[in-house]
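Same chain, two partners: chain A is paired with chain B first, then with chain C.
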Partner chain A sequence: MRKILLSLILIGVLAGANLSYAGTVTAGPQSVALTASQGESMTLSLSTNSLTIPLGAAAGTYSSPITANVAWNIASGHVGTLTVGAWFSSASAALNGGTGGNLPSSSFTLQATINGATLAPTVCNQPTIAAVSSVAGATCIPAANAVVLSNLTTASQGTLTDTYALAYTGALAPPATYTGTFYIDYVIQ
Partner chain B sequence: MKRIIASLITAFALFLVPAYASNPLTSGAQTVTITANVNESITLALTGGPIVLPMTGALSNTITASVTFNVIKANHTQGIWSAAWFSSTTALSGAGSIPSSSLSLTTTLNLATSTNVCNGAANTQTGSVAGATCEATNEAPQSVFTTNPSGTITDSYQLAYTNPSVIPTPGAYNGTLNIVYVVP
Partner chain C sequence: MKTVIILILTLAALTTAATAQVTLSPLNAEFGKKAKGEFNLTNGTFAPLSVTFELQSVELSNGKFAMVDLKPTTHVKLSEYSARIPAKQTRTIAYTVTCDVMPCGVVILSTMATGHTNEGIAMATRMGTIAYVCDKQKGCRDWFLAQNK
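This part shows the complex of A and B:
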């Protein structure tokens, strides 16, 4: 009986000794390389994509303005110029009126406020602005006013809010409904 | 060997970083559809009024009509019409009445001068009144229109009392001469 009791105690001691080995087991921290890339961006949104220009008795009156909201997020390394362009697709036929014929771009005048500066009213027969590939003779912004900023050489973010209004300043046009397309573009080089 | 692999992975990861800053960045050209409308029009401005009519038979002061038009030829087969008339055969009233038939209108229309008694027939193109019409003229037939004619017309009008031997009752007389230009 003493032997049996001694054996039970011994088993109990050994079992208790085994419990003392059940600690946390870990493989240790592993590291994962992490990379992220933010691409450059530039966006342009217009307040409207449809505009009516007064003609007939109201010729010479400016249309309601188009508001252009520009935003950019750029890295360093650019030449640093922000160039704007506004133009019609054709010098000879900016607007077409079917039997009424064509209205040339030289019959339209742009009044624009760009980067807070109101430009002098400009007839839309200006030379091309190379940076935006505007149409020669159908461009409404003079080359001298096309470069809006020239200090964007370092990483930066920014916005512009510009306005554009058009007026018909040509000769009396035959009665008709005329339609055409006007382009606005911004480029950072 | 592990270090070599790790270095290669690092080098590959470095190549993944884009090098874009030297490229132009464009917002993309946005387009605006432009619409402009010119309606057909004809406007009339009269100067020189009011008319003071001498009861002696002499011509009154001159009324000048300045007309500006901008129309589409295909829409108007009858060209441009003008007319002058009184609202009724009683042209003037006041102390008594003076019939339109006792008045004549001397006009210079398209540089051609003519005189007509104001008792002409109604004219359907202009809506003039029967028996009180002084003139109704097709000043510019469609045949002379260009494709989309626009331009100006300047005409003149003078009234005269044609029955001075009949002296009306003394007093003031008033009336209205209507002048219209129509492109039917």
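This part shows the complex of A and C:
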């Protein structure tokens, strides 16, 4: 009984000591400087990385549409235009068929919906679009339709979803496997 | 049920692999006489991305922006002129620009293609980052645009 009483007294003394420390040890508020920066960016994604265009009997049939998604996060101070270009790398050899020869860009027609507006089907022999430096004579969008937006002079974020489909509208092509590259550009000036 | 979910996830991954998604940052930069900068390209897909770089000068004529052949008075060096960016990775490209005539503007065009196409048309995307170089860095872009109007 005596031991228990002494133990209780000891516990009480220690608890009291702890309480007294708890009352004197304090930490003042500390400040940490925070900085963060967000750079301008543009993201472009395509729904496919290749396209098959019907030649032969199905010539004139449009390919499955390619969907291009564009997202931007820009600061103020730009010229303010978003320009688009769609083009082949060569006017005379848009597609190369090896021994089968080449298919010129003028044998292809583009049907596009850009910023919600469906453009008239356009043969891919248009002049260059200077703002995206597309290939002269192998461009599929008329210069008049290349400027999609012209109000990006202030800081803004935005997105566009556009679609592109190509058809072969040239003469019957010799049997061969044809390959080529189709470019889609988006430039914010 | 678990099998179905795994199958759906696999299909989603394969679908994603067939697309191209690229983020470019920053879109432009302004410099004083010593122009040393860099830009980042992020491959948002699950497939490697091949990138080639092309240099052009920029002009503003009657308020309209234009890319032209690189002027002989503008000299640009890139840390690399082509790159292969692994899936979901970011590559930083460094560059230096010196101009004999101030102000000058250069656009570094990144042309990107995903995968390989044996038959048909390969799709490529192109985006550009613009470097403005002036005697003084502050307000360089505004000065360039004003000088070229």
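Keep in mind that, in the parts below, the second predicted complex is superposed on the first by the 156 of 189 C-alpha atoms of A that agree within 3 Å, B and C clash if a C-alpha of one lies under 4 Å from a C-alpha of the other, contacts with A are read in each partner's own complex, and residues count from 1 in each chain.
The rule we apply is simple: contacts are C-beta pairs under 8 Å (C-beta built on N, C-alpha and C of every residue); 3 or more make two chains touch, one makes a residue touch a chain.
What you see is a predicted model; the values in this text were computed from it and never measured.
Overlay on chain A: chain B and chain C clash in the combined arrangement. By the touch criterion stated above, A:40 is placed in contact with chain B and with chain C alike.
Of the two partner chains, both chain B and chain C are touched by A:180. Once chain A of one complex is fitted onto chain A of the other, the partner contacts of A:52 extend to both chain B and chain C. By the touch criterion stated above, A:188 is placed in contact with chain B and with chain C alike.
In the superposition on chain A, A:130 contacts chain C only, with no contact to chain B. Of the two partner chains, chain B is the only one touched by A:100; chain C is not.
In the superposed model, B is the one of chain B and chain C that contacts more residues of chain A. Of 26-34, 62-70 or 152-160, the chain B stretch that intrudes into chain C once chain A is superposed is 26-34 (criterion: clashing C-alpha atoms).
Common to the chain B-facing and chain C-facing surfaces of chain A are residues 39-46, 48-53, 66, 68, 72, 74, 77-78, 95, 131-132, 166, 177-189. For chain B in complex with chain A, the residues that touch the partner chain are 9, 13, 16-18, 20-22, 24-41, 70-72, 74, 147-148, 150.
Chain A contributes residues 39-53, 66, 68, 72, 74, 77-79, 81, 83, 95, 130-133, 166, 177-189 to its touches with chain C in the complex. Touching chain A in their complex are the following residues of chain C: 18-28, 44, 56, 60, 63-68, 109, 111, 113-115, 117-128, 130, 141-142, 145. Across the complex, chain B is touched by residues 33, 35, 37, 39-46, 48-57, 66, 68, 70, 72, 74-78, 85, 94-95, 97, 99-101, 103, 131-132, 166, 168, 172-189 of chain A.
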